[in-house]
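Chains: A, B and C, in written order; residue numbering restarts at 1 for each.
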């Protein structure tokens, strides 16, 4: 583990990554100075490491343990669940809900990320210009975030209601017949994706906007001296410089989007007929959605999600290293 | 993983020590802050005094002590009659009561988690179809251990709390479903509610309402237990049985709902309606009928239009069997059995005729015993049709389904969703449901 | 030029209005009477409004707001205190195994909140901190800490090495350098992390409902519970709670917002 990801940092910094490559050389002759340095270094990360092991390690261990045993309600309460190896994983892979859920997760995540990011970017560029109220308006864009998810998701399901929703009322005014946003198998996934995009925009806006602010204005001046138009300037100057920020924004966005379940759960319960079920809601449905909880298979689906995130995390770190090399 | 786990254990211990110190000092400052602000929930805050873990550790013994009660009525705060009743039952039993209200969908999970950690409440009030699941999980005591008396309870209501011949709780009251109708809408459409005797006369009535420019009927077909609860009267009313979801009777019941949607007699939103949403639709005054429960009675009187109630018709006439709803008062298993004596006092107090009558009136439920029912019938004539309905109601977990019911119910609501949204025909949806249910319950 | 600026303001206002429309709708519902909630077509303005929702909130919810504020601020402190040194170390001190650690920070964010809550419940029960504010603060900080470490690392690796070397020559130890050089320079990162920690903690529901449901002091997200009956939900009161809950937080947001200047990811952008 140490060897493979030794020099990985979430956001690459050439200085750090470059120095890290020298680490194996120094390892052989650890003098006292290097020792105290390591001690100090670990002193600073120790609290977080302990914290991680205690509060994340235990739940993660529990989740893996849950997925490898056959749990009934009785054995969950009283203990003594039988170890069944990968049986629960085989069960979910053969479940007719699994593949559609995987597909919906891919669509939901890809569409959410794409639109959150591009809308966030456009808005960040827009608010980066100087005009009256820019700051206040940008702050207001964050307000949706203050709402508990139960409230924002309920508001969306209210607005998208087939019969009394304001969206269909508005469509009716321009002569478009009612769309069954939440109740037709063709629209349900789109509807929850729209709501999720709405919720994700502030996050992308804040990160990208701060990224923009840290690009020095000299770079722009140089570019405008070269006679670059604003479109060209964005693609040739801004966007490449924003790449590290964009990468971390997208990666965090991916991690957060993969596990979204409250919004979908409140708006459609993953329905109708599993049309908007993702792996996250599927996991919740198994574990908590019925009167008879199935914690074992629910945990197995949860672990599949963690595995997916793991793959993307590794890919990200590899890309970072390549960029740094 | 192995190495880091051992190291992790050491680290965890040291952190636990640090945390212990941290919380110890901050909780003491907390007490200081708490003392003056007793205005919010004086009874509750006096209940736990300085040691919140007293109840958890089971200390206290015979005289006094703190007893915890969990219920699914978060809408009642400390000043409500319900909580006052709990407190007074506590003081009669000589103990302090610490009560927590949970959202009903949350409660099962929380109870399982607490029971796993040996921290179950002393008294638990829980939705009736969950009782057999909890009982099967060994969470609940049965009445032979706790000496609760259930002899006066009506057998069809008690059935939901029984598993393999043992009884695991006492119903606090019961509710069920019927059809509310809006007199104004029916009059305008020229529909006489007394002519609605079976499915075809109901459908005819809905068509007349639609022709008069109003909306037919609303119900809840959401993909949760609520959806199954609302579909069951039609399902049973067709003569279908939960052991065979794909029978021709079952298909006819689902086709009835599907055709209503197709023909615009019921709104498309029913697919996502909870019973509350469905009630709000009915309360808007546009609908002729709304399938809903006993608990809406108080809201119906506030709706601002004249309303009436008819029982849900069976396919070929007569009243359809309706499912019983409502909660059971149960006693979860405790580490020390000497708590049961006090637990029993608390439960008996809550379910005693006078107190149950008060509670059922607050919740707009029907009593679980003949005595309470006749008292309700004479004081609130509006409840009479509901009392009749409850007497004919059927437990969802009865027919000896027990813990199989949740799995069957899940497939049933999925099939309803598939058919209503047009993803599958009623026949195909129910066939798929039957094979999935058979696989899950074998 | 001035006209173009005004045009931008107008476009900005329109965009913000679009973005905040769901919020308007929430406010609209919070004033709506129960029997008009599912009217078709819906009322665009709460013309037949009721203040019942707000009356309920004013009577019952204010203590919850105070608790939420305490919990959110506590979360901010715990997050910054734990995450800032870690970010500094990862960015500048190069502890061994940092790659594994950052990777872990990324992955742990995938664990479903409800599973985390189960873990906390078991731990808290043994420590006796269930239903306490400190317990809730520690739990809520798990939402923000991995993110905060990543952001701090990104920012602090942008701090020029010369700055730290100069301090080292002056005889400042690692801790002194961190406290008197790194932290002041990272003010913006601190504000940004605080903002996120505050927001996440403010809107947390899962931890609150698992770990603080029997507490004397409960956050506003649990206050909403009062309007969820077992067969009936009081939607105007739920929405009114959300409206009231977002006001103080929104004010804080607009105020803090001025400090979220060049910062969050400065280190990531500059080499």
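Here, a contact is a pair of C-beta atoms (placed from the backbone, for glycine too) under 8 Å apart; a residue touches a chain by one contact, two chains touch by 3 or more.
Bear in mind that the values here come from a model prediction, so they are computed numbers and not experimental data.
Participant: Could you run down the chains that neighbour chain A and chain B together?
Facilitator: Touches both chain A and chain B: C.
Participant: Could you find the two chains linked by the most C-beta contact pairs?
Facilitator: Chains A-C share more contact pairs than any other pair.
Participant: Can you check how far apart chain B and chain C are, centre to centre, with Cα atoms defining each centre and the answer in Å?
Facilitator: 34
Participant: Taking each chain's centre as its mean C-alpha position, how far apart are chain A and chain C in Å?
Facilitator: Taking the mean C-alpha position of each chain, the two centres sit 16 Å apart.
Participant: Quick check: what residues of chain A touch more than one other chain, meaning two or more?
Facilitator: 49, 51, 54, 58, 161, 163-164, 288
Participant: Of all residues in chain C, which are in touch with two or more distinct other chains?
Facilitator: 37-40, 118, 122, 138, 235
Participant: Quick one: which residues in chain B touch 2 or more of the other chains?
Facilitator: 16, 281, 284
Participant: Can you list the residues on chain C that touch chain A in the complex?
Facilitator: 5-6, 8-9, 11-13, 15-16, 19-20, 22-23, 25-26, 29, 37-42, 44, 82-83, 85-86, 88-112, 114-116, 118-120, 122-123, 138-139, 142, 145-147, 149-150, 153-154, 157-158, 161, 174-175, 178, 188, 192, 195, 199, 202-203, 205, 220-221, 224, 235, 238-239, 242, 245-246, 249-250, 253-254, 257-258, 260-271
Participant: List the residues on chain C that touch chain B in their complex, please.
Facilitator: These residues of chain C touch chain B: 34-40, 60, 63, 118, 121-122, 125, 127-135, 138, 209-210, 213-214, 216-217, 225-235.
Participant: Considering only the defined contacts, which chain A positions touch chain C in the complex?
Facilitator: 1-2, 4-16, 19-20, 23, 37-38, 40-45, 47-49, 51-52, 54-56, 58-60, 62-63, 123, 126-127, 129-152, 154-156, 158-159, 161, 163-166, 169, 172, 198, 201, 206-207, 210-211, 213-216, 241-242, 244-245, 248, 251-252, 255-256, 258-259, 261, 280, 283-284, 287-288, 299, 302, 305-306, 309-310, 313-314, 316-317
Participant: Which of the residues in chain A come into contact with chain B in the complex?
Facilitator: 49-51, 53-54, 57-58, 61, 72-74, 76-78, 157, 161-164, 178, 180, 182-185, 267-275, 288-293
Participant: Show me the residue ranges of chain B that touch chain A in the complex, using the header's touch definition.
Facilitator: Within the complex, chain B touches chain A at residues 4-5, 8, 11-12, 14-16, 108-109, 112, 115-116, 129-130, 133-134, 136-139, 222-225, 267-269, 271-272, 281, 284, 403, 405-407, 409-410, 414, 417-418, 420-424, 429.
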